[in-house]
Each structure stands twice: as structure tokens, then as C-alpha cells.
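By letter and in written order, the chains are A, B, C and D; residue numbering begins at 1 in each of them.
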Amino acid sequence: MNEFFHLMKTELIVTIIIFLLLFIKLGKDIKNEQLLPFIQFVLLVNFIASFFYNVDGSLFGDMFYTNSLIAFEKSILSLGVYLISLLSTDWLKKTSHLPEFFILMLSALLGMCLLLSSGNLLIFYLSLELATIPIAAMSNFDLIKKRSSEAAMKMILSSAFSSGILLFGISLIYGITGTIVFAELPKLADGSSLFIMAFVFLFSSFAFKLSIVPFHLWTADVYEGSPIAVTSFLSVVSKAAIAFVLLTVLSGVFQPLQDIWYVLIVVLSVASMLIGNLFALRQENIKRFLAFSSIAQVGFILVGVSGNSNIGISSVVYFMLIYMVSNLAAFGVASVISEQTGKENISDYKGLYKNNPLLGWVLALALFSLAGIPPTAGFFGKLYLLTTGGAKGSYLFISIAALNMIISLFYYLRVVRAVFIDKNDQPIEKLTIQLPVKLALFVCSVSIVLLGIMGWIFDHIESLH
Amino acid sequence: MNLLLLLGIPLLTGLLVLLVSTKVQVRWVSFVGATAQLIASFLLFFAFRTEIADQNTAQFLFEVDYTLIESFNIHFHLGVDGISVAMILLTSFVVVAGILVSWNIEKMTKEFYFLLILLSLGAYGFFLSLDLFVLFFFLEMAVIPKYLLIGIWGSGKKDYSANKLALMLMGGSALILVGMLGLYFIGGHEFNIVHLSKLTISTDYQHLIFPFLFLGFGVFTALFPFHTWVPDGHSSAPTAGSMFLAGISMKLGGYGCLRVAIYLLPEGAKEYAHIIIVLSSIAILYGAFVTMMQKDLKYMNAYSSISHVGFSLLAMAMLTQTAITGALMQMISHGLMTALFFAVIGMIYDRTHTRMVDEMGGLMKTMPFITTVFFLVGFCSLGLPGLSGFVAEMTVFVGSWQVDDWFHRAATIAAIMSIVVTAVYILRAIGSTAMGPIKNPSFATLKDATWNEKLAAVILLIGIIGIGIAPSWLSNLLKPAAEIITNRIMGK
Amino acid sequence: MPNVLNILLIPLLPFVNFLLLGLFGKTYLKKSAPIIGTVLMLASAFLAFQTAYEYFFVYGKVGEVYQQLMPLKLTWLVFAPGMQIDMGLMIDPISVMMLIVVTFISLMVHLYSLGYMKGDGRIATYYSFLGLFTFSMLGLVLATNIFQMYIFWELVGVSSFLLIGYYYDKPSAVAACKKAFIVTRFADFGFLIGILTFAYCGGSFDIPTLISALTSPDSNELKTAIGYSFVGVSAISWGAILIFIGGAGKSAMFPLHIWLPDAMEGPTPVSALIHAATMVVAGVYLVARLFPIFSIAAPAVLEIVGWVGVISAVIAAIIACTQTDIKRVLAYSTMSQIGFMMFALGVAKYGGEAGLGFTASLFHLFTHAIFKALLFLGAGAVIHYVHSNEMKDMGGLRKNMPITHTCFLIACLAIAGVPPFAGFFSKEEILLAAFHHNRVIYYIALFTSGLTAFYMFRLYFSIFWNREHSAHDSAHQDHARHGEGGWVMMLPLVLLAIGSAVAGFVPFGHFISSDNQILELPFHLLFSIAPVLIGITGITIALIMYKTSNDLPAKWSAQLNGMYQLAYHKFYIDELYLLLTKKVIFNLIGNASAWIDQHIVNAMINAAGTITQQFSEAIKKLQSGKVQQYGIYFFTSVIIIVVVLIYVWN
Amino acid sequence: MEPGIYHLLFISTALFFIGVFGFFTRRNLITMLMSIELILNSVNLNFIAFNKYVWPGKMDGLFFSIFIIAIAAAEAAVAIAIIINLYRSHQSINVETAEDLKF
């Protein structure tokens, strides 16, 4: 029993918070101004708690298992949620359904935690749905905005379709092997055509959630239409969770097929980088811009995945952490600006630095980190990904990845140029930044600077295996 | 001598610049920091000389080694040999001068100085590091400050130039990255330059990886035909930006070509030396001819930089000890000279508000100091004895002439021919700006250099004349290091 | 034994002058600058004469052979073992002779400039440049190492550049200084490659080492150097040719002479010092310095030297006959006289009697320096007086400027080869050497010396006789106020005139010969008849044409129309060069390179960006916004991946 | 004729493709949702068929299909809520009315 509490600690805490919020909702209305700090505090507690009492083990006949790496990944997710709750303060204070929003978000988080720990395909499927459906609802949270509902519609339909494909694949796997337990699958997996087909069906669902080209088409539309808090959740937390699971599934369950999926990953990685970058070049809306940039980033993550080694897993986890703080910083700035001025276009950012130097620096730092420019952490993240990906010795692959860094630098610099260089007669006036937002931006910036230079963090992740 | 000091001073200066409030404080903090760094560089130089005099035969001195990331075998590994010491001296000279000439920047002063110092930090780190990863880190770190310096404080078509510069340099570093990772895997997960230099890497691999590394660093040092960022970048950059760009940043590339590409992959260097020689001979002559046709002083100096840097690439590819020493001397000399050149152009531009050669004239009458410096630096550029350019070029020529076959001889003659063309464009620039009648009546009332400009010019002139009059200290500093490189090329 | 400090101070004192006046001349030493310069030069000249005396009469000779001494040799820069630049002092007959010439003429010019440049605002700069020039020229003369020589060679070039462009606000002066620098630079390109080739052959930059390696018949270096050939010419010959190109550039030999006439844009004392007496003979000195190599290892090149010299001599003399600017006439005359020195070297052999040409050449160098400096300083006095360079503005000045007139006449007689003035003796030896060695050269030279007498006296009569000014008297009165320029200007003239008169009696062969042994200069009275006669004929024709104003010159030039125009336009060599540089180098190469850079190299880089952008625009339709289409892409991709993985890859 | 596994699989595959086809061609959002339900049902059929004929000893397939039915219901609930909201803002449940977000 004690083991149950230890192993499912994060899930339990998240569940408790969800119920707590439900009860609060049932009770009489509390003003957002009072409720929000409380929620933020609780989420902080959740994040801090995720570091303690982590033990390895499994439950329910291996349906649920956890280890220190998974626990660390869960901490990253909790951190992401906490930071989002801070960064979106402006928007959250205005929203009329604050508890519901967090109930949905935490449900999704719960789904993701379960997903990371899932030990068989059933739990995997259930938690995946749990991690997806609430996000679709969240996308619609700007109830009166047309774009928000369009985004939600696209999200739910696409994800339902993709889970249909996923299920078809799972059913085939079940038909071939007779088992849905991860631990048994590698032994039973044969290289038959049907199995490969089932694998591709299954993989497409991952690709869909990670927005790997050519399964990425929903991404930009949904990112653009959703509220920024949701967009950042979608692009950071959700993506991180799926990436972590993809690592375990590919290198664990589908190890026998590794020659096949290596090729697949390489091709899709190149495609993602190219398409993501090429689309990002022309974007005007900052959210849409970040959507395509995140597609390109996923291409980079796949470089690390292709390495198929422990150090590759560490690099991906490390990179996701860096990617999270960088992207959240960018989204945080976008959110502040969007909430206070309603401006979301890159051209509106011209001359931002003049009145808002802090926002300008944070945004620049975040974008440099995304572009992989030292001394920001993004440089280290990307380099480690390339280093592990290069272990297979495919110079062409590494070269394409490196060349894509040039294209991506171009469009990141476009934003930097707007912020620092371009002239504007009516720049965005001085914005007030709320304390929680400031705190979160500070945390993100400091992490962006320090995560890379402090090499022991990577070594720590590496030691978790 | 602890090498961390050399990184610590700029880092501290940068942080202080961010902390202080007024523009005056920013300037003085930067200036004091840069001067302290200059003193530290001299301390390093003397400490290095003492060690050498004490028969310390280690390849790299004052090594510092901290494990950065164990899993990847990345070390924060610093150390210096003669080449690094010389490069660090060069950098600290240019930095002090650059900070001095920027004294009157009023727009976003704090940011400006911070970026300058960040850029210099990148250069110092680059010259100090003995670990490829750290080296690459510092190399890349210097890219974005350049972009911002040009973009924010630049002039002309600065957007285009800044973008071109950042993207082309990024392209260069992408190539370096690939080459570096290649070395890493071939060397058995090793980024350490010292260890890598002890390995015997199979010839095929060397042939494969060498182009990546050399071209990559070549982009930084304006290897033809990847030089096109140079003219636009330099001409749009603010004065100090151009000085740093040409004086320091282009040297990063040259240093990398030598230290990483040629030193670690000697077989590759031998294989591709012919191509490099052809490209750099083209760069030398073609750069000189294009310079001759320019009307804008900054474009002129930018193209002449392409031509001058071509000398060092040419000399490197000759693969003899004298030539490599010459290449390094040329890098140092060109760094000082071109920084001064840009400084002078900046001073002239600040006053006349034009950089067009044919709009000026007779400036000698109103600004004797500036034009005298202009004369001196022009003479340095065309290789006048007593100034550093001569010594460097002669070492290059003598070194190149040692390789006796028609191909190398022809390349050397082509290179020597460029000194005539250099004379043509330098005299044209000097003749139509400083000499002749005053064309624009408003120029008759211009003021001569201010104290900070004078100090900047004098500091760089000390370097130029110091090398020009007594070159052997520099030559002796560089030669042992060059010998190690040539020994590896010869397979000793 | 030589006193190192004394010798060292000879070049260093002018250098101190340069530094002192260059740094503080505008501020602290504004008044005293000329005096400081002159005093330092005086000291330097004194030391030079002392050194010369001691060398020639005290310690220089060991058993009838003058020793080559190197009292000081400091390593300056080591390129590779054996290949190093040394900075040293070389004391041997020719360098000591040159020391005297340079310091003496320089002193005269310093002195003269006190008057000539009086009241010029930048006189401190002027004196510091003079100091720089003298320093560099002395360094060149004293060089022990061929690279040291090159270094000072370049410095000499740059100080010449600075002094020609001294009147920097005159566009013609700016153009002239640029031209001078670039043309000599072009020649130096050859010189440098020549040095590299010599060093490659001889394995050293050290002059004595080089000479011994490349002249002793059994040395390996020489054998390889001769064996190694390029387009049928041996490496050593290539080296010698290239080095001679360097010398020809500096000495304004045809066809690299075009800068010299333009260089007259500089102040006249500068022309006297640099472009008449010292710098322009550096080419002669260079060949003389390396004479053993030329003579023994590359005799064919020496032949070339001879022909280039004599061609330059005659061409310059012809042009000089038609020029109207007095300084230009003197410039061409300089070129012509240097041609004499060159071909004298060309007709010499190493050692003994055959080395007559060598001695003669340097003898002529010595005498020419004196009388040509005198001519220039005299012309300077005239120009100072009439404020014009043109002959038509002069005439009848003999009464106004008696001292100048006398001195000028002595110099003209000297250069025309009228005994017993200096020029007669040296030219005599040259002609004698040519007569024994190469008759064609001898006849051309004879003709040239006639021309020399003619144009010199054309100059002389035009300035001092010709029209008797009545109309211009008032103007002359105006000029006359500053008279001939005071004693500081007249003293050098008188001293030089004395020199021109007596220098020929120096037993030159006792001091200088190709092998440093004493050579009795032969003197045949019968042989002298032809040159002297021809000289007198030239003078007579000039007398008829120019003594009084008449229409003979106009008539004759009309008769010789084509020839005259050709010579008047300097054989259109300038135009040819202009065509070559403007059309070929600027338009064909320069513009083409610039075009390629913009439209090909740069365009390629830009195209990479544009193509990416356009591609990005072209594929934007993929993201159609239709969720069903997304589904189709999704499903199709799945199917394609399955098919590819199963059928193609597996 | 006793229906065998191939018959069942044929039906499920047909259902799957009918669902996919419907998802691609129908313009009405509710109908598209129904098409997805068809896909899910084909998967259910698959699971049951495999469970009965291939792996009769295991119960995984049965459980799986029960969970799928449950999740499908949840999904449909959220989807319909979203569609209703879309109807409020767009006055239509035609998928083509909601194509503002593109490129």
C-alpha cells in the first residue's frame, strides 16, 4: 500500500488538486484574484513534491511502472504547468472559468503522467486520450472568439481521427502478438509486413501529437486559434510528454524494428526541419510562427531520437527541458503583449525594446536559445542532440540538420530585428508586468543562461538511467 | 598565470556594464575593463616568455582543465601557446581601441558596450580553448553581438548586411559543427585538441572531414567565394563593429583553419592545399582589383581585407614553417592595421558625413592627426617597411617561395603582384581624401581628433610600429608553435 | 678599425631629425626646426667624411685591396635557418663613396632649403621628411643584407612620395607622387621576386654570402642555380633580370622612367637631392653592389643592362632637347646621365682592366651627383626668382643673378663634358669602356653626349641670355627684392660649383674598382678628341639658336615636325601607359572583377536566400486550413510510409 | 455459413475505410464525427474477432473494446460541445465555414 502512494505520488497529488478544484467550483464563487495565487502555490508544491520520495517499481501487474528518469520527466511536466500558470496570469485573471481551466489542464497533466508510466497499450491509449481530450476543450476556452472554436474543432476532429488510426494499429498488434503488454512485445514482435504496418499506424499517432511532418498540419491552426496559455501548454508540456514516451516506446517496445524506424525517423526529421523552417519564414502571427518553429524543433528532437542510445534519451530529455523554458519565455512575452494590447503580429513588435527592454531581452534570449546560439542553453541542447544523432555516422543527416540551423536563425533574427532594430512610430507603450509573470520570466531567463553552462545537469539526467 | 583571469575580466566588465547606470560610467567601466585586460594580456605574454626562457617545452602552457560534461567527454580546457598569446594580445589591443573610438555613441550606450565586451569575450575564449566544443561555443557566441551591432548601430543597408553576415557565419559554423562531430566520433569521443593531435586518423577520414572544417572557418575569414558578407557587413557596421569584425572576428577563422583544420587533419590539408592556394590567390588578386574599383572607403577596406587575409590563407596552405609563421604574423598585422583603418574611416565619416572618396579632398589641412594616421595605416597596408604589414607579407613571401614547384611559385608571384595593386588603391584613397584641394567648403572648419580617438589610434599604432620595427619578438613567439604544426604535417 | 658608433650615427642622426621634427615639429619646435635639421645633417656629414677618410687612408686597405667590413650586424628577423634579415653596416669603397655623396648633397640641400623654403608653413614637416629620406638612403647604402637594402629601398620610395607630394593641395603634385610611387612599386615587384630567387639560389640574404655562393665557379649553389631554368633562362639570370627591373624602376630607366619628369612637382631642393643626385642612382648602386653576380653568373643580363642604359640615355636626351620646363629638361638629363652609368656597368667585367666600366660608372655617379645637384639648385634659385618653371618666362637673367649664373655655367660645362670640369673625366672613362667593349653602344653614347651638350646649353642660354627683358623689367624688379636668396642659398651653389670644377681630378680608380684593387684610370688624349669635339659642336649649335632670340628654333622644329612632335610628347610613352592602366587594368580587369563580385558571387549567395523564400511561398498551399484535407494528408502519408517501408526498404 | 475470422476482418476493414472515406468527404461536422465512430467500431470488431479466433485464451481484446466504447463516448461528448460552440459563433456546422486559420 505504501508502495502505491510512493509510486503514484505525482498522479495522486494531481488528482487531489483536481478534486480540490472541483469542490471549490461547487462552493461559492471565489474571485480569480484570490484563487489564482492559491492554485499557483499548489502547483508549485506539486512541482517541488515531485523531487521527493521517488522510487522505482511497478504496479497493477506492470500496467504502471516508474523509475527515476520517469520521475524526472514528470517533474519537468509539473514545472511546465507551474510556469504556464504563472505566465498566463493576465489572461487567467480575466477568464470566467478559472477552476475549470485548471481542472482540464491538470486532467491532461494526469493523463501525461500516466502515459509516461504506462506499461501496456490499454493504459497507454487511455492516458493518451486523457491527455488529449481536455486540451481540445481548453482550446475552446476563448468562448466568444471564432478562431478559438475553429481551433478546438480542428483539434478534436484531427485527434479523434488519429486515435482511430492508432487503435487500428493497436488492434493489429494485438492480432499478431496476442499481447498488449509492453514488456512482452519485443519478444513477440516479428518483422512481418503486417507488424510494420501496425507500427506505422501506431507511430503516426505519436507523430500527430508531436507534430512531425507530414502529420503536423493541425498544429499551426490550433496554436494560432487557442488562447496563449493553451498554446504554450500544447507546444511545451504535451509535446514533452509525447517525446518522452516516444523514446521509451521506440527504444523499448520496437527495438527489434530499429533498422526500420531509424530510416523513418531520419526522413521525417529532415522533413520536419525543412517544412517547419520554410513555413516559419513567412509567418506574421507570433503564435503561428512559434508553431512552425516548434515543428522544426521537433525535427531536431528526432535527430536525438535517431541515436537510439541512453545518451540519446538523456539528450532529448535535456533538450526538452531547455526547449520548455525557452518556448515558455517566448510565449510568456507574447502573452503579456497580447493580453494588454491585443497585438499578436511580429510587425507589431517593432520597437518593443524602446519601451519594454525587459520583455525585449527575454524574448531575444528565448529566441536565441531556440535558434541554438551560445551562451544560451539551446546551443548545448542542439549540440548534444546532434552529437548523439551523429553517432550513427550519417554526415548527410547531420549536415542537413546543421544547415537548417541557418534557416531557423534567419527567422528568429526576424523577430529580434523587429524588437531591437526596426523603427516604429507607435511602438508598444510601456506594459505592466505582474509579479508572477516577472517571476516566471526570470526563472526562464536564468534557466536559459545557466542550464547549458552548468554541465552537471546533463550528467545528472544521464545518471538517472 | 591563471588563464581564467583572461576570461574573468571581460565577464566581470560585461556584468558591471549592465549594472551601472549612466553612460559615463558605462564608458569608463568598459575602458578600465579593457585596459585591465590589455595589462593581463601583457602579463600573459611576459609570463609565457619567462616559461619559455625557463626551458618549458610543453606544447601548451598554463593549462586549465575542468570537466564540463562527463557524458560527452567535454572539458573546459584552456591553454596557450605562442599563437594564442599573440592573438590575445591582438584582441586586447583592438578592444581597447574599439572602446575608445565608440566614446560618442549615444544611442543605447549600455547595450553597445555590453555587446562589444561580449564579442571580445567570445574571441578571448576562442583563442584560449583547447577543447573543440568550448572553442565552437565561443566562436558562435561572437556571432549574434555582431548581428546586433550592425543592425542597431549600423548605417546604410544594415538589415541586409546584418542578416547576410549572421547567416553566412552561421553557415560556416554549421560546417564546422559537422566537421567537429566527425572528429569527435573518429577520435573516439574526443574533443580535446591535444589528444586529437596525437591520434592517427585514417587518410580517407581526413579527406572527408577537412573540407567541412576548413571551409567552415574559411567563411569566417572570408575565403573566396564565401567573402561576400565582408564588404556589406563592414560597410554597414558602426566603427567599433567594423574594427572588431575585421580585426578580431576574421582572425577567429584563420586561427581555426590553422589550429583545427590543418593541425588536426594534416593529410586533409595536403590533399586540399592546391585548392586552397588557388582560392586564396584568387582572393588576393581579385580582392585587390575589386578594391581598386570601390568608391566607398569602408568597402575599400573591406575588400582589401579580403585580399590581405588571402595572404594568410595562402601561406597556411604552403604548409611550411616560415609560411605558417608568416600567415600568423599577417593575421596579427592585418588585425591591428585594419582595425586602425576602420577607426580612421570612422573618424573621417563622423566629421565629413561621407565615405565617398571623390567627395572628399584636402583633409590634411583641417585634420592633420587623422590624416597622418591614415597615411601610416595606408603605408602599413601596402607593406611599407617599419610597419607591421611589411614584415608579415615578407615572411609570407619568403615562406611561400620555399616550396619549389611552378604551381606554388606562380601563386606566390600572383600574391606579390597584388602589392602593386594595393599601392594603387591605397594611394588613390589617400590621394583623394587627404591630399588635393578642399572640395567641400564645409570641410574647411572640421576639427581634428579628440583625445579618445588619438589614444585609440596611438594604441594601435604602437602595435603596428612595434611589430614593424622589431619583428623578431613576434616571430619568435609564433615560430615554435608553427613548428609543431609543420612537424605534424611532415609526419614527424 | 672602424668606429661603429660613428658610422651608426651617420644614418641615425637624420633619423633623429625625422622623429624629433615629425613628432614635435608642429608644436614645440616650429621655429627651430630647419636649424635643428641642418645641424644634425652637418654632424652626420662630418662623420661621413671622417669615416671616408679613415676608411680610405687609415684602415680600409689591407695589402692593396680594400676590405669589405661589416662593423655591425644585428639579426632583425629570422625567416628560416640561414634566411634572415640582418640590419648591419657595410663599409666598403662604394658604400663609403655613397656616404659622402649622400651626406654632402643632403647637407647642401638642407642648407639651401633654409632660404628656399623660408616662410613655408610646414617647414618642420619638410625637414623631417628630408631627414627620413637621408636616413633611408644611408641605410640603403650601408646595407649588408639584400633584404635590408629592400627595406630601405622602399623607405626611400616612400620619402620620395612624401616629398613629391609636399604641395599636397596641388592636384598635379598629388598625381605625380602617386605615379612615382606606383611605377617604382611595380619595379619593386620585380626586385622582390629577384631577391627571393637569389636567396633561393644562394641560400641567404646576406650580400657577401650570396656573392661568394653565386660567383665561385665550384660552388654547388651556382651550379644548381644555373641548372634550374624557366623558359630557357636560368634561375640566376631570372633573378638578376628581376633585380635589375627593380633598379631600373628606381633609376628611371626606359621604359619605367615615366615617373621621373612628373616628380619635378616636388620642391626644387628635393628634386636636387632625390631625383638627381641620390635616390635615382640607387639602381646603379644596386647593380654595382651585386656586380660580381651579374658579371660572373649572369653575363647576359649585364648585356641587357648595357642596352637598357644606352637606350634610356639617348631617348632621354632627345626628349630633353624639346622640353620647355627647365626642371623637366633637367629630369630628362638626369635620366640620360643615369643611362650612361647603367651602360657603363653593362660594358664592364669583373676584375682588373675589364672592370673599367664599373669604376667609370661610379665615377660618373659621383661627379654627376655634384653637378646635377648644382644644376637643380641653380634652377631652383631661378625659379625662386621668376616664380615659373617655363623657359619662356626667363631670359637675360645673368645680370640679375650673377652667382647663380656662374655656378650654372660651370655645371653645364661639367655635364657637357668640357675639360677640365668633372663631367669630362668620368664620361671619358665611360666612353672608353664602351669603346673597348661594344662599339654600337659607344657610337650611340657619343651621339648622346653631343645632344647633352646641346640641350644643356639650350637651357643655359634660354635662362641667362636670350631675350633682354625690357617689358618684364618691372616684374623683375618685383622679384629682385628677394634677390638670389641670400648666402644660405648661394653657399651650396658655390660649394657645389667648386666640386663640379675639381671633382674630376680625384684619382677615382685608386678608391673604387670592381675587385677593390687599385685601378689606374687610363687617359688617352687622342681618344678624347671626338667626345670633346662633339660636345663643343652641341654647344655651338645651342649658341646659334638660343643665345639671342631669333626664329631659328621655331624654323628647325617646324622642319623636323614629326620628329619634333614625337620627342616633345615624350614618344607618347605616358599615353601608352595611360591606355594600358585605364583601359586594360581598370576597365578590363578591375571593372570585370567588381562586376563578377556583385553579379555572380554575391548574387549566388543572395539567390540562396531568395530561392528559399520563394520555395516557402510556393508550398504554403499545403496548409489549406481544411481539416479534411489534413486528414487526407495524414492518411495518405501513413499509407505511403507503410508501402515504402514494406516494399522498398525492407 | 458460420462467419469466420476473415469475414469479420473484412467487415471491420470495410467499416474502417467507410469511416475514413466519410471523414474525408462529409461536410457536416456531426457526420464527420459519426465517421470517426465508424472507425472506432471497426477497431472494436477487430479486437473482438482477434480475441475470439486468434487468442481465445486472453481477455485483453474484449476489455480493450469496452474501454474504446467508453472513451469514444467521452470524445463525442467533448466534440459535440465544441461543435455546439462552433455553431454559436459560425451559425453553421458545415466544416467549410471554419477555414479562417490557414497558410
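Note that in this section a contact is a pair of C-beta atoms (placed from the backbone, for glycine too) under 8 Å apart; a residue touches a chain by one contact, two chains touch by 3 or more.
Not measured: the values here are computed from a predicted model.
Judged by contacting C-beta pairs, the busier of the interfaces C-D and A-B is A-B.
Of all the chains, the one whose CA centre sits at the greatest distance from that of chain C is D. Chain B has the Cα centre that lies closest to the mean of all protein Cα atoms in view. Annotation: 66 Å between the Cα-based centres of chain B and chain D.
Centroid to centroid, with C-alpha atoms defining each point, chain C and chain D lie 98 Å apart. Taking each chain's centre as the average of its CA atoms, chain A and chain B sit 42 Å apart.
Taking each chain's centre as the average of its CA atoms, chain A and chain D sit 27 Å apart.
Within chain D, residues 23, 32, 95, 98-103 each touch two or more of the remaining chains.
Residue positions of chain C touching 2 or more other chains: 609, 620, 623, 625, 627, 631, 635. Taken residue by residue, chain A touches two or more other chains at 153-154, 157, 161, 165, 220-221, 282, 410, whereas all remaining positions touch fewer.
By the document's touch criterion, interfaces exist between A-B, A-C, A-D, B-C, C-D.
Listed in rising order, the residues of chain A touching chain B in the complex are 311, 314, 368, 373-375, 379, 383-384, 386-387, 390-391, 393, 395, 398-399, 402-403, 405-406, 409-410, 413, 416-417, 420-421, 455, 458-459, 462.
Of all residues in chain D, those touching chain C in their complex are 20, 23-25, 32, 95-96, 98-103. By the touch rule above, chain C contacts chain B in their complex via residues 26, 75-80, 83, 85, 147, 150-152, 154-155, 158, 161, 165, 168-171, 173-175, 177-178, 181-182, 185-186, 188-189, 192-193, 196, 199-200, 230, 586, 589-591, 593-594, 596-597, 601-602, 604-605, 609.
Note for the complex: chain D touches chain A at residues 16, 19, 23, 29, 32-33, 36, 39-40, 42-43, 46-47, 50-51, 54-55, 58, 60-61, 63-64, 67-68, 71, 74-75, 78-79, 81-83, 85-86, 88-90, 95, 98-103.
Across the complex, chain C is touched by residues 164, 167-168, 224-229, 286, 289-290, 292-294, 321-322, 325, 362, 364-365, 368, 379, 382-386, 390-391, 394-395, 397-399, 401-402, 404, 406, 412-413, 416-417, 419-420, 423-424, 427-428, 431, 434-438, 470-472, 475-476 of chain B.
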